[in-house]
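Next, two complexes with chain A in common: one pairs it with chain B, the other with chain C.
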Partner chain A sequence: MLELSHVHKVYRVGAFGAGTMRAVRDVSLVVRPGEVVSLIGESGSGKSTLGKMVLGLTKPTQGTITFEGNDVTRLRGFGAKKEYYRHVQGVFQDPFSSFNPIFKADRVFEMIRTSYFPAISDAAWRAKVLDVVGTVRLDPDNVLNKYPHQLSGGQLQRLLIARALLLDIRLLVADEIISMLDASTRIDVLNLLADLKERGLGILFVTHDLSLGNYVSDRSVILRKGAIAEMGPTRRVFENPLHPYSRHLLSCVPQLHRTWAEVDAELAANPPEDVELPTVAEGDDSAPLVEAEEGHFVGIDQR
Partner chain B sequence: MTLRVKDLKVYYQTLRGDVHALDGVSFDLADGEIMGLAGESGCGKTTLGKSLIRLDGRMRHVGGTIELNGAEVPITDERAMNPLRYHEISLIPQYAMSALNPTRKIGRMINELLRARGVRPSKVADELRRRLELVGLDPDVLNRFPIELSGGMKQRVVMVMATLLDPSLLIADEATSALDVSTQRSVAESMVEFRDRGFVKSMIFVTHDISLVYQMADTVMVMYAGQVAEKGPASTIINDPQHPYTKMLIGALPEVGSTTTEARLEGIPGTPPGLLKPPTGCRFKERCPIASEECDETPPLVEIDTGHWAACWKTGR
Partner chain C sequence: MSNVAGAPGADAATPAEPVAERGRSEILHFAGRNPKLLIGAGVVLTLLLTGLIGPLFVDHGPNEYIGPKNQPPSGEYWLGTTSFGQDIWAQFVYGLRSTFMIGALGGGIAFLLGTTIGFLAGYKGGIVDEILNLITNVVLVLPTLVVLIVAVSYLQVEGLLVQGLFIGLTSWPWAARAVRSQALTLANRDYVDLARLSGRRTWRIITSEIAPNMSSYLMMSFILLFGGAILIAAGLDFIGLGPAGGVSLGLMLESSMQWSALQLGLWWWFIPPGAGITAIVGSMYILNVGLDEVFNPKLREL
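== the complex of A and B ==
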């Protein structure tokens, strides 16, 4: 469905854009219908830039992004972009800044109606809204006709997902959507993503939190400095991390029932097998992957 | 006993009335104890941290006492609090990264801070360098501006700064929340090291991340809607919680290794009560699966096991 092929993004930095910074380096990945792919990385790993490029908010410097056979980077004109956004939508980190505080929160639904469904009748529209609000497991009486400050972060975030569902959406880019939420409401949003996945929606789940990425996703992509360090089925990546960086990352995650010392001791007792990492020549910007086991890839080691 | 807080009540004044942000909080903090203070947003954990060092203009002390090393902390008296601040009680604020003055070099900023507190900078200069090295920073950072440091470095600078005068109590408010996991681990570990070396006597570590608390804290206190729900040794709170809120909160945390296909975790239905007019009785009763009539009475915080306190009618039976 969504396919990224050798995507690069180079930002100009410094005074007068003299320097360059490669934020995304040779990333190729696929999101299939009904699949959740987690993009996991620390700050500066390029995960949000990838999400932005898929949403067409910024253009890749090199490489192609295709959605159902069409090159997203070559969309020209308002009409083509509007059609694209009918199928691909994003939800972002801070639900409070996604709403205009002087309007009621359900204005986001009205805006979808005026731009995408101008001909629909009031009754049919109301039924549609009630349907999507029910899908995100919110009580319409509690959330409709309210101002953003009257709703909780979890409710607002679910309203934004409901807004995306009003359209004929096939891919959702979820950029850190639960980082701002409390632990008790976080899990509701995650479970909702799992429900949507069962309805055939493809989800690109961008996160810095490994345990959250692990909970919902089918496949995980661990990014480091813009390049893929490791990519594979979530279970394999977490049970058998092959890249030294993924191992380091996993050993630093605070776990609920094991202390860091226990994790370190276990790692020292059974040192993992080393795999041959791919290498590139100096000055080469590509980032090749090596298939270590079926569907499980490791990338280059960047210093 | 380093710190003893008894029935502390702090309200925020608003146009619509008082917000009962802290409503009868009592706990003890022993020498050398690192206490993790956990809870959802709006439960009063930051307010508690602030109340121990400085009440801002909107905060009103309604009742209760704070004792530090046997002497009462005059929390309502700005002037009497001043000698205590930084010397005895120190704080790492929530956005420590933006707590540094962008127009001053780090070294100059620290010197200004020391002079403002009546300490000659030359007296602690060697110690400052030693501690910077201890947390893995080159003493050269003193000649740099905050913008030249990464987030983790800034966090460590603030940590060294806050503990320079060996305070009895350090309040770290979400000190590692904005950091990446690997930086988070090293900062958290240096905090434990500071305690082990006696740079701080005891520490309150405010965070919303319970799994992080488990890594570094000796005890955990869970707050809900301005009150203490449960306090106990970290391993007891994580592995054998007694309060229904703690149980549900820990049950809602995904771990590395858990996936939706195996077992779905459940969130806690409902939202915390508003604290403008807090409900009577147990504040968790609306969301609690085992609530019954007796929960209309406020449950007292009782010691159900040695060092393990919980405020629920249903515990210990």
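== the complex of A and C ==
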């Protein structure tokens, strides 16, 4: 459904754009219908940039992003983009900054109505809104006709998901949507994503939290410095990490029943089998992947 | 504020409207208690009304020679007469009118240009920003007064409209820069991206997402441009490049200087226009500071 092929994003930095910063390096990945793909990485690994490129908010420097056969990067004109957003929507990290503070929160629904459903009657629209608000398990009386500052982060985040559901979406880009929520609302939103997956939506789940990635996704992509370090079915990636960076990352997850020293000692006692990592020549911008086992890819090691 | 209206789980029947009203009445509350705002607005409105209504009670043209020469202010000629026997009160009220006209015209054109260019540059970014920024910087470093003098003296059209147009076309750059920097920060907010995902056109996003968030800022830019346009027009009039055959506070100053009002002790000739310009622009700036205090909670004196 969504296919990224050798996507690069280079930012020009410094005075007169003299220097360059490669935010995304040679990323290729696929999201299929009914599948949750986690993009996992630390701050600055390029995961949010990837999400923005899929949403057409920034253009890749190189490479193609295709959605159902159409090249997203080559969408020309306002009409084509609008049609694209009918099927692909995003929810952003910070629910408080996703709402214009001077308007009521349900204005995000009105914007969808005026753009995509100009002819619908008030009653039909009201029913539609109540339906999606119910889908995200919110009480309409509590959330409609309120200002953003009157609602909690979890409520706002779910309103944003409800807004996306008003459209006939097939792909949802969820950019760190759980990071700002407290633990109890987290699980609600995660379960909601699982429901959406059941409906056949593809979800690109951007996160820096390994346990969330593990909980929700079918496949995981671990990014480092803009390139894919490891990609594969979530279970295999988490049980048998092959890339040194993913091993390091996973060993950093705090565990309730063991201390760091115990974890380190165990890792030292039975060092994992090494995998031949792909290498690239100096000055080569590509980032090839090697298939270590079925569907499980390992990428280059960047210092 | 002990009960937080609409907090999660709060009484669902609590209507949300009072918050909007509270925001508005809060602004009014502080506006009514801000002496700078009240004094500034009072002076500007008084002068505006004088300029609008005053000419209706003057039954002769401002430049007609109607009375005795060199008369000091009296019951018949409130502000005295010039050395040609023109009524200075008539000139003053007509001059106020054209001064406000030039402020609205020049300031308005500059405001439209500046905000349009600033918003486009700040929102679009990239190459659009670079080009617009280049143009802005070029116009910014032009010696505006010299360009105005050259343009006004070579193009033999010296109407109020043309003068306003010239002032508008040369004084927009700082407004464009200020609006651009504000728009730059606002354009990166998530709700702007969300509006793009909602299939909104660029123009709708700028006018309905970004501009409302900086409305007080825009209002103050307009006031400053308005005052600036009045000053530039007065300067042009004073050096003899004002609208020919018209009357304005600057032209009054110019003719009083030309006919040695200062040396002859005809203080009633040059003080009213000078004080008028100073009062309009000065009280506008005070009004501006007052507005700033009203809109910006950090500056409020509680």
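Going forward, the second predicted complex is superposed on the first by the 301 of 303 C-alpha atoms of A that agree within 3 Å, B and C clash if a C-alpha of one lies under 4 Å from a C-alpha of the other, contacts with A are read in each partner's own complex, and residues count from 1 in each chain.
FYI, contacts are C-beta pairs under 8 Å (C-beta built on N, C-alpha and C of every residue); 3 or more make two chains touch, one makes a residue touch a chain.
In this text, all values refer to a predicted model and were calculated from it rather than measured experimentally.
Participant: For A:Asp301 in the superposed arrangement: first (chain B), second (chain C), both or neither?
Facilitator: So A:Asp301 meets neither chain B nor chain C here.
Participant: Can A:Thr259 be said to touch chain B (first), chain C (second), both, or neither?
Facilitator: first
Participant: Which partner chains sit in contact with A:Tyr215 here, chain B, chain C, both or neither? Use first/second/both/neither.
Facilitator: The answer is first: A:Tyr215 touches chain B but not chain C.
Participant: Taking the superposition on A as described, I'd like to know which of chain B and chain C A:Lys81 touches: first, second, both or neither.
Facilitator: The second partner, chain C, only.
Participant: Let me test your reading of the model: by the given contact rule, A:Asn145 touches which partner, first (chain B), second (chain C), both or neither?
Facilitator: Second partner only.
Participant: Identify the partner contact of A:Glu3: answer first if only chain B is touched, second if only chain C is, both if each is, neither if none is.
Facilitator: neither
Participant: What is the contact status of A:Gly90 with respect to chain B (first) and chain C (second): first, second, both, or neither?
Facilitator: second
Participant: For A:Asp285, select first, second, both or neither according to whether it touches chain B, chain C, the two together, or no partner.
Facilitator: neither
Participant: Is A:Val108 touching anything from chain B or chain C once the two structures are fitted on A? First, second, both or neither.
Facilitator: second
Participant: Just which bits of chain A does chain B share with chain C as contact spots?
Facilitator: After superposing on chain A, chain A residues 152 contact both chain B and chain C.
Participant: Can you list the residues on chain B that touch chain A in the complex?
Facilitator: Contact set of chain B toward chain A: 40-41, 151, 180-182, 184-185, 188-189, 208-212, 214-215, 238-239, 248-250, 252-260, 264-268, 271.
Participant: Hey, which residues of chain A end up touching chain C in the complex?
Facilitator: Chain A reaches chain C through residues 52, 55, 57, 78, 81-82, 85-86, 89-90, 92-94, 97-104, 108, 111-112, 115-116, 139, 141-142, 145-147, 150-152, 154-155, 160.
Participant: Could you pull out which chain C residues touch chain A in their complex?
Facilitator: Residues 4-10, 12, 15-16, 19-20, 189-191, 193-201, 209, 212-213.
Participant: Going by the contact rule at the top, pick out the chain A residues touching chain B in the complex.
Facilitator: Interface residues on chain A, with respect to chain B: 42-43, 152, 182-188, 190-191, 194, 208, 210-212, 214-216, 234-235, 238-239, 248-250, 252-257, 259-260.
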